[in-house]
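Next come two complexes built around subunit A: one with subunit B, the other with subunit C.
This part shows the complex of A and B:
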């Protein structure tokens, strides 16, 4: 239990550090949301000054940081100038969409990567293994941006898939199964792109971890005892190779989040990605900070989940 | 031995594809900003050896585009005027690396006919030429940003590893912070605090500094490890015993041991940073018009009509693939070699 508590405290400190870092970086930025207003002859300088004062932009940096921190604790997460509303409700809608996308892609990628990696490690050096490693090398050289644009191009030219958004117009009026089909059709392309982007790295790691275990003495002994191959691979070797893979699971959240940002922008998926880019261009700083912080939170949660899994999977950690 | 030939081969391929971009003026038939206003969004031309009557030709040729009657922006092949391709033709003068002025270009069409291997963009600029020139920005950004990252990593990692104690602790907590953030979010956030409207050369500088500054954490951690172990080697301790200064020890004994890791990291970072430049420029936060970069050229695909009607605007993206493949092959080979040396 102490292990988990330690991890939790570390996560919190990390989040605080990230928030400090982004906050101070962004506060150094030249220009803010109200600068555009100042250029507008119809808005008097008095009004701009009053607005700045109202949002506390005249106060010193630490004061603003603590005010922001307070509003995070109150559940508002700062204030969006562009939307003229507290940031939290705006963020949750987008964050939910990002989560839907990344969690689906994550599950699919791992469900494919584990059997593929185990399979090619069992056929090490033979044709099957060569084909998989060739394919992973090829996939690694194609950036996510190209996959996203390429699939979008395909969708536009063939009309097989919808080309943006999360549901079609008139989604509310559809019967239940049509709703599911519609949402799945919208989800397909972004998920495929993300899976293609993360799969090669995962397959490589699974293969490497498995090969190490397959060479070990205990496994050769079990093979000598005549344990069937399938059972040997999945019941004996895979659990022994699980530790580095669980850690990798935590890390893969980070790469997936970055990839998702880009895919969301390209495929107009209404998640955190396009929201962040928009906020940057509008100098809506609290939204930028919140979006970065939220992405870090997802990542930290992913790592924490990996720690939990490790705790469950590895006797040695529990014994400590 | 086989590994060595592989290394030589990969390096040779990488050098030659970089040379294409460096000598852009020679390989590109047109200048970056040369506009053919009568041919906006012309599709790629097919290089042919057999004409429409089925007669084979000795030299490759293309059919020029002519605007189709009554249609806006639609083109038809002008089958009556095939234009043969000539190699090493005299064209408009260009400079190479700002040093030499030359006129000879790799290829061009005869009699002043125009050739667009990858089609043209909305201003009628030859996409093929722009892809080659665009590589200059994208590759240079990747290389310079890598240099910044490695330098920062070397200095900070070296300090952490060599001096240890609280400096080490502080720096390592810093790397954890940087490694914990999803890099694209971090990149965007830091880009956000810099001015948005800047001219292309300032944008380029900002870009490489931002990209380079973000990536210092991983090389710093690796180099710290190398320095830490180097410091305890017997010959280094012996040198210290003879009264060598810190600076001498670092320069003479510790630094040379980091080369393997530095090289491997470079091969890993360069393609990542090329992609980072492409991504930022794609989002409109990097180098913008009229200077071409692979990212900003792909950015035009964000407009729906470009995406739906002009598929060849996707081609600049494919230019990335050989570079990424080359660097990943290099990184794999270097990694093996460094592992052999250190273990």
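This part shows the complex of A and C:
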């Protein structure tokens, strides 16, 4: 319990620090949300100045920061100039879409990476291991953006998959199974891109961790006792190699999230990515700060979840 | 048809669809221009609804049109909306008293069936159509008009449109004569006339008055507002909004336009806006058949789409130059009080009209058209593009690129060339400057590169700096730390008044030297005088003459070196009836009430 409280306090301090830094860096960036109106010949400079004052942009940085903090405590998380509404509901609805994409991709990536890594380590140095290593190297070298563009091209050329969005127009009118098929079709390409981007790193880590364990004395002894290979790999070796992989799992939440933001923009997935890009370009600063904080929160939660897993998986940590 | 008759019988109303026989001259003019562009005349209807009868091809009801928006709309509130996606949706939900036909660029009756202007030009009496109802069925009256303009004029609301209602420094006065008649009173004659009323959506008092009284009107009609809380007089009404994904509009059963066969408009049952984050994504979705209409396509994407149009069942259209004009301008700001000595020194060149004329003479506009826009743009020598049918000055010269003329102008201004070909001023300083532009606009960056190459041939050394858009604006308007800039402006209206703030020396968009207290040069004083004169001139011919002179002065003095006007490039799936894209915003959906699917 004390451990949880400590983690929570640290997390709050981290979020405060990130919010302060984001506020500061955004302040350094030239321009504000209302500047674009200055190029509209039908809007006078007086109107633009009045709007700036109305939204408190003329106030000092500390005043604006504390006003934002107050709104965080009230659950609004600041105010979007563009949408003229509190930021929290705007972010939440898009964060759900991002979570759907990243959680699906993460589960799929790990479900593929663990058996592939284990299998590769068990065949270390043989042809199949070399093929796997070559494939992961190749995948590592290809940027996510190229995957996304390639799959988009495939979708346009073949018509097998939708080219963007989360569901089709008229989704509500479809029968249940058609809805499932439609949602799955929309999810497929962004998930595949994310999985292909994440998989090679995970496979290589699993392989490396497993090879280290497979060379250990207790596994050689187990093998000598005639324990079947599959059981040996998954029942004994994998739990022993799990600690670094669990830590990696925590970090993979953050990496996958940042990759998802890019993929969302390219593949028109209505998550935080396109929303954040638009908010940055428009200088809708509270949305940007909130989105950065949300990303930080995902990272912290990913690590926290990894710590809990470690606590559960490793008796030594429990004893400490 | 059945639906209309049923409703009219139910409401005990009837419309008499008697057609006016137009004078032969008008008929011929209309036939030559474009039959669809000429809009219908109001049919007298007593005692029921007075429909506006359109002259487009009679279509068939039903179907859904899917279009993509490059960004999500931010609001459905016409009082606060400033971004294009919001306006594109809002103007399918709302209507104004008098409307500028986006195709003919002339005004036409809308919610006001007629208007009268007093002989002194100070009073506009507008007669509303009888039987108008908001999309929730609530009747419309002059009180709604009064309420709407009260809101737009309220300083506390900060409506961006308020500035358009300040004529001669005073707000327009509004009063009600009777339930269907309103009078607008101006403090001085206003050249734009009834164009003034375009763009002011009539708001439902019954839904917004309490929010207005509580000072919360600007927070009203956000995207999450329940559909039954939003009502307008446009062809559609809100059905559904899914954050980040789409906005669905449904047919407004109380709409006030009908076709020649007495079928109530709009034809389409649903209009769906998909939110797509970039132009490339829009192109992909159109190509894949997921959207039905595409607009604001750049030349490269247009070429890609046009190459596949037959195979994929759509047609792309190049409708010629729009109203956007791109230009290069130099920093002519008064920099006293700013510590920018290098820039102040270079301003001696920029302020010399011969220097600016030489730069203009050296720029190869045809190359810009060919290389940047793949031929889908028009070279410009003035601020009014060929797309503006009413206001262009045909007598402006269109000189071909001439390096010889550019060299003579530079020589006459005291410049000379060193042995290595570098241009130097009379003090021996090499002519070097930087052109800034916004990095997000690939076309402008390419234009800057071509200019760099053109000016190199005169011995000028030009650097290009790409800046993020708001950083660029901060340099132009705040720090004023720039030397030259490539930018573009595009008005929402063809009338010169839309660019008033560009040409007045005190205007905030007088880009080369904005917000002057006194005109810095005699020709800027002339521009001020002419623009103010055309503002109050009541005869169109007189205004045209004054604005022709403005264009002439601008072309002679080159405060902006005009480059090109890009063509408006659009596309639609085959089978979309009455699809007649216009060069004014919103290019493809301006007549959405008349769009229909053939054979669907």
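Observations on the structure shown:
Definition applied: the second predicted complex is superposed on the first by the 302 of 320 C-alpha atoms of A that agree within 3 Å, B and C clash if a C-alpha of one lies under 4 Å from a C-alpha of the other, contacts with A are read in each partner's own complex, and residues count from 1 in each chain.
Operating definition for what follows: contacts are C-beta pairs under 8 Å (C-beta built on N, C-alpha and C of every residue); 3 or more make two chains touch, one makes a residue touch a chain.
Bear in mind that the values here come from a model prediction, so they are computed numbers and not experimental data.
Touch criterion met: A:145 reaches subunit B, while subunit C stays clear of it.
Of the two partner chains placed by superposition, A:308 touches none, neither subunit B nor subunit C.
In the superposition on chain A, A:211 makes contact with neither subunit B nor subunit C. Residue contacts after overlaying the shared chain place A:277 against subunit B and subunit C alike. Once the two complexes are overlaid on the shared chain, A:248 sits clear of subunit B and of subunit C alike. In the superposed model, A:156 makes contact with both subunit B and subunit C.
Shared-chain residue A:262: touches subunit B; no touch with subunit C.
Residue overlap on subunit A between the subunit B contacts of one complex and the subunit C contacts of the other covers 29-31, 152, 156, 265-266, 277, 281, 283. Contacts from subunit C toward subunit A in the complex involve residues 64, 66, 71-72, 74-75, 77, 80, 82-83, 155, 158, 160-164, 218-219, 222-224, 243-246, 272, 274-278, 281, 284-285, 287-290, 440, 468-471, 473-475, 477-478, 487, 489, 491-492, 498-502, 507-509, 515.
The touching residues of subunit A, when paired with subunit C in their complex, are 29-32, 35-45, 47-48, 50-51, 54, 82-85, 89-90, 93-94, 97, 152, 155-156, 159, 162-167, 169-170, 265-268, 270-271, 274-275, 277-278, 281, 283.
Listed in rising order, the residues of subunit A touching subunit B in the complex are 14, 17-18, 21-22, 25-26, 28-31, 137-138, 140-143, 145-146, 149-150, 152-153, 156-157, 254-255, 257-259, 261-262, 265-266, 276-277, 280-281, 283, 285, 288-289, 291-292, 295-296, 299-300. Across the complex, subunit B meets subunit A through its residues 176-177, 180-186, 188-196, 275, 278-279, 282-285, 298, 301-302, 307-308, 311, 314, 317-318, 320-321, 324-325, 328.
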